[in-house]
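Below you'll find a set of structures to go through.
Okay, so subunit A shows up in both of these, paired with subunit B first and subunit C after.
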Partner chain A sequence: MKLIAITACPAGVAHTHMAAAALEASAKKMGLKIKVEKQGAMGIENAIKEKEVSEAEALILAVDTAIAKSERFNNIPTVKVSVAEAVKNPQGLLNQAIELAKK
Partner chain B sequence: MKKVLEEAKTHLMTGVSYMLPFVVAGGLLLTIGLLLGGGEQETGYAKKIVETGTLIFSLMVPVMAGYMSYSIADRPGIAPGMVGGLIANEIGAGFLGGIVAGFLAGYIVEGLKKMPMHRYFAQLKPIIVIPLLGAGSVALLMYIIGQPIAALSKELTAWLTSLSGGNLLILGLIIGAMMAFDMGGPVNKVAFAFCVGMLKDGVYAPMAACWIGIMTPPIGLALATRLAPKKFTLAERQSALPSTFMGATGITEGAIPFAVSDPLRVIPSIVIGSAVGGGLALSLGAKAPVPSGGVFVLPFFTKPIMFLIAFTAAILVTAFIVAALKNNIEEEMPITEEA
Partner chain C sequence: MEITSLINEDLIDLKIDASNQQAVIEYLASLLENQDRIESKSAFIQGVMERESQFTTGFGNGIAIPHCKSETVKNTSIVIGKMKNEVDWKAMDDRGVSFVIMLAIPESEGGTTHLQILSTLSGKLIDDDFRTSLMNAAHKENVLRLLEDCVSKKSNS
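Up next, the complex of A and B:
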């Protein structure tokens, strides 16, 4: 199962990175492949590539602000939550994305 | 309804997010200029630095409104939003006006985007129709509905100013509470804008309370993770040090990670702590002539020792209240090493 995710918070210095780290760590534990793009104070970091978009089965948006280049993801099943949710409950969020991808 | 509110919050936070670097740039330049003596000078390079800082501040509201509108209507929203923010500045409607301008511009542009149009004109839409009709209608609306907001803004400032006479304690309480309430959000920025405005008039006391409200939340919460480690997650405990550092350098946003996971307990704690400290600082006669720089500009405060006493009280009150209010948590497995 391949997933993609974007994290973004208002200040773009703390939560964006905490959420990304939480998702990556949980995905590793669950044996999932995930690419997490961070849209923080430095702009886009670890950008998701076009190929990765086409291979991905679901998109997780853990964001409190509007994200850049959202038109890339028009056709992908998407779970959208606040960035805090990804920090608190990354595993639940990944399960939610898997459920969505199966439909 | 809840969804609408949440979306509105996203738009507002996007605006604030893009505005922050301008606040930092303007604030630091203003601070450096004042430290070099630019406050008293008539001309000269230090004065010029102060003026540059205040000039940069004038971009705050337009940028916030522009990117709120961007959050709603994407790229074509930026220009009408910035125009609305500029007018909010112009008529004295300040931050409140800027927030209204951002929403107005965003929804108007979103409407214009969906408006059916003859195909000959469709191509002109993004380059002529939206900039003209979008910015034009936002400008018109802002001149009309902006007036009561400007009046409200002036009323609020006048009220806060009137307090600075005898009721320093109350003024300090209010500023401290407003600064801590949303940790860098619009309420915080209204209070901050008031204190910066007072600096320009040579009134330095409000900024001392402002500083308490800026630095207390992240540091008080960091201390609480040490007082009651069982009540915080591993990630929260690990963020204590960076959070302290952010507080000391004047970045209240360091408190946000704590607040989002438990707002009903965290926000009252930091508001009460900062209010107590703000009131105390002003009662003890502390004044702060600089709007940025954190603990590093402390030596330039009036009565820095009194300020430190109030600051310490604010941190302790915050930490004890939050430690008392929070319950022990069930620790899930540790999730991050490097966060």
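Up next, the complex of A and C:
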């Protein structure tokens, strides 16, 4: 299972990076591959590559603000939540994404 | 990366006597004001409280990370407080908060180095071991050393 995710919050410092770390840590525990792009105060970090978009089975958007280049993901099943949800319940969110990818 | 430009022992208080969230934020803001790191204490507090009203920064396990990105911030700063008693922070897990890491971020940060430090630190707070050591640190020097280690080592991802 290959997943991609984007995290973004208004200040682009605290929650963007907490959410990304939470998703990465949970994915590792669950044996999932995930690439998390952070859109924050320093611009786009750890950008998702074109190849990763094409291989992704689901996308998690944990965002509280408008994101850049969202048109890349038009055909990917997407779970959209607030950035706080990814900090609070990363495992649940990953499970949701897996369910969506299976459909 | 150097963390000493962002935080020092005078921006840490491990024995705060405050009964509520507002009092904690006001006290920590006064530490920033003492070091002339913010223009206006009231504007800074207002910014932090506005951010809290959007959604709590209490992300669970007794710790909160209030922050404000504002023109009133002169220097990127971290200020840390440990309370004698838990206070209500409307935290995600409904528990009280006894440890606060407050971030002050200028509206336009010149370099990305400081932001990188704050970002690395924020991400690291998800790590149970790091968070527990930080919250249990008995002395200010220990807090500084933990932060130093956290930003100097590339976080394992």
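Operating definition for what follows: the second predicted complex is superposed on the first by the 103 of 103 C-alpha atoms of A that agree within 3 Å, B and C clash if a C-alpha of one lies under 4 Å from a C-alpha of the other, contacts with A are read in each partner's own complex, and residues count from 1 in each chain.
One rule holds for everything that comes next: contacts are C-beta pairs under 8 Å (C-beta built on N, C-alpha and C of every residue); 3 or more make two chains touch, one makes a residue touch a chain.
Everything numeric here is computed off the predicted structure, so don't read it as measured data.
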| item | value |
| --- | --- |
| Subunit C versus subunit B on the shared subunit A, clash or fit after superposition | clash |
| Partner chain(s) touched by A:Lys88 [first = subunit B, second = subunit C, both, neither] | both |
| Touching partner for A:Thr65 - first (subunit B), second (subunit C), both, neither | first |
| Subunit B versus subunit C as contact partner of A:Ala25, first or second or both or neither | both |
| Touched partner set for A:His17, first subunit B, second subunit C, both or neither | both |
| Superposed model, subunit C segment overlapping subunit B, candidates 1-9, 91-99, 109-117 or 145-153 | 91-99 |
| Doubly contacted residues of subunit A, that is, touched by subunit B and again by subunit C | 10-11, 13-15, 17-18, 21-22, 25, 41, 64, 82, 84, 87-88 |
| Of all residues in subunit B, those that touch subunit A in their complex | 9-11, 13-14, 16-17, 20-21, 70-72, 184, 235, 239, 242, 246, 251, 253-254, 256-257, 260-261, 335-336, 338-339 |
| Touching residues (chain side subunit A, partner subunit C) in the complex | 10-11, 13-18, 20-22, 24-25, 38, 40-42, 64, 82, 84, 87-88 |
| Residue numbers on subunit C that touch subunit A, as the complex places them | 51, 54-57, 59-60, 65, 67-69, 92-93, 103, 105, 109, 112, 115-116, 118-120, 122-127, 155, 157 |
| Interfacial residue positions of subunit A with respect to subunit B in the complex | 9-15, 17-18, 21-22, 25-26, 41, 63-66, 82-84, 87-88, 90 |
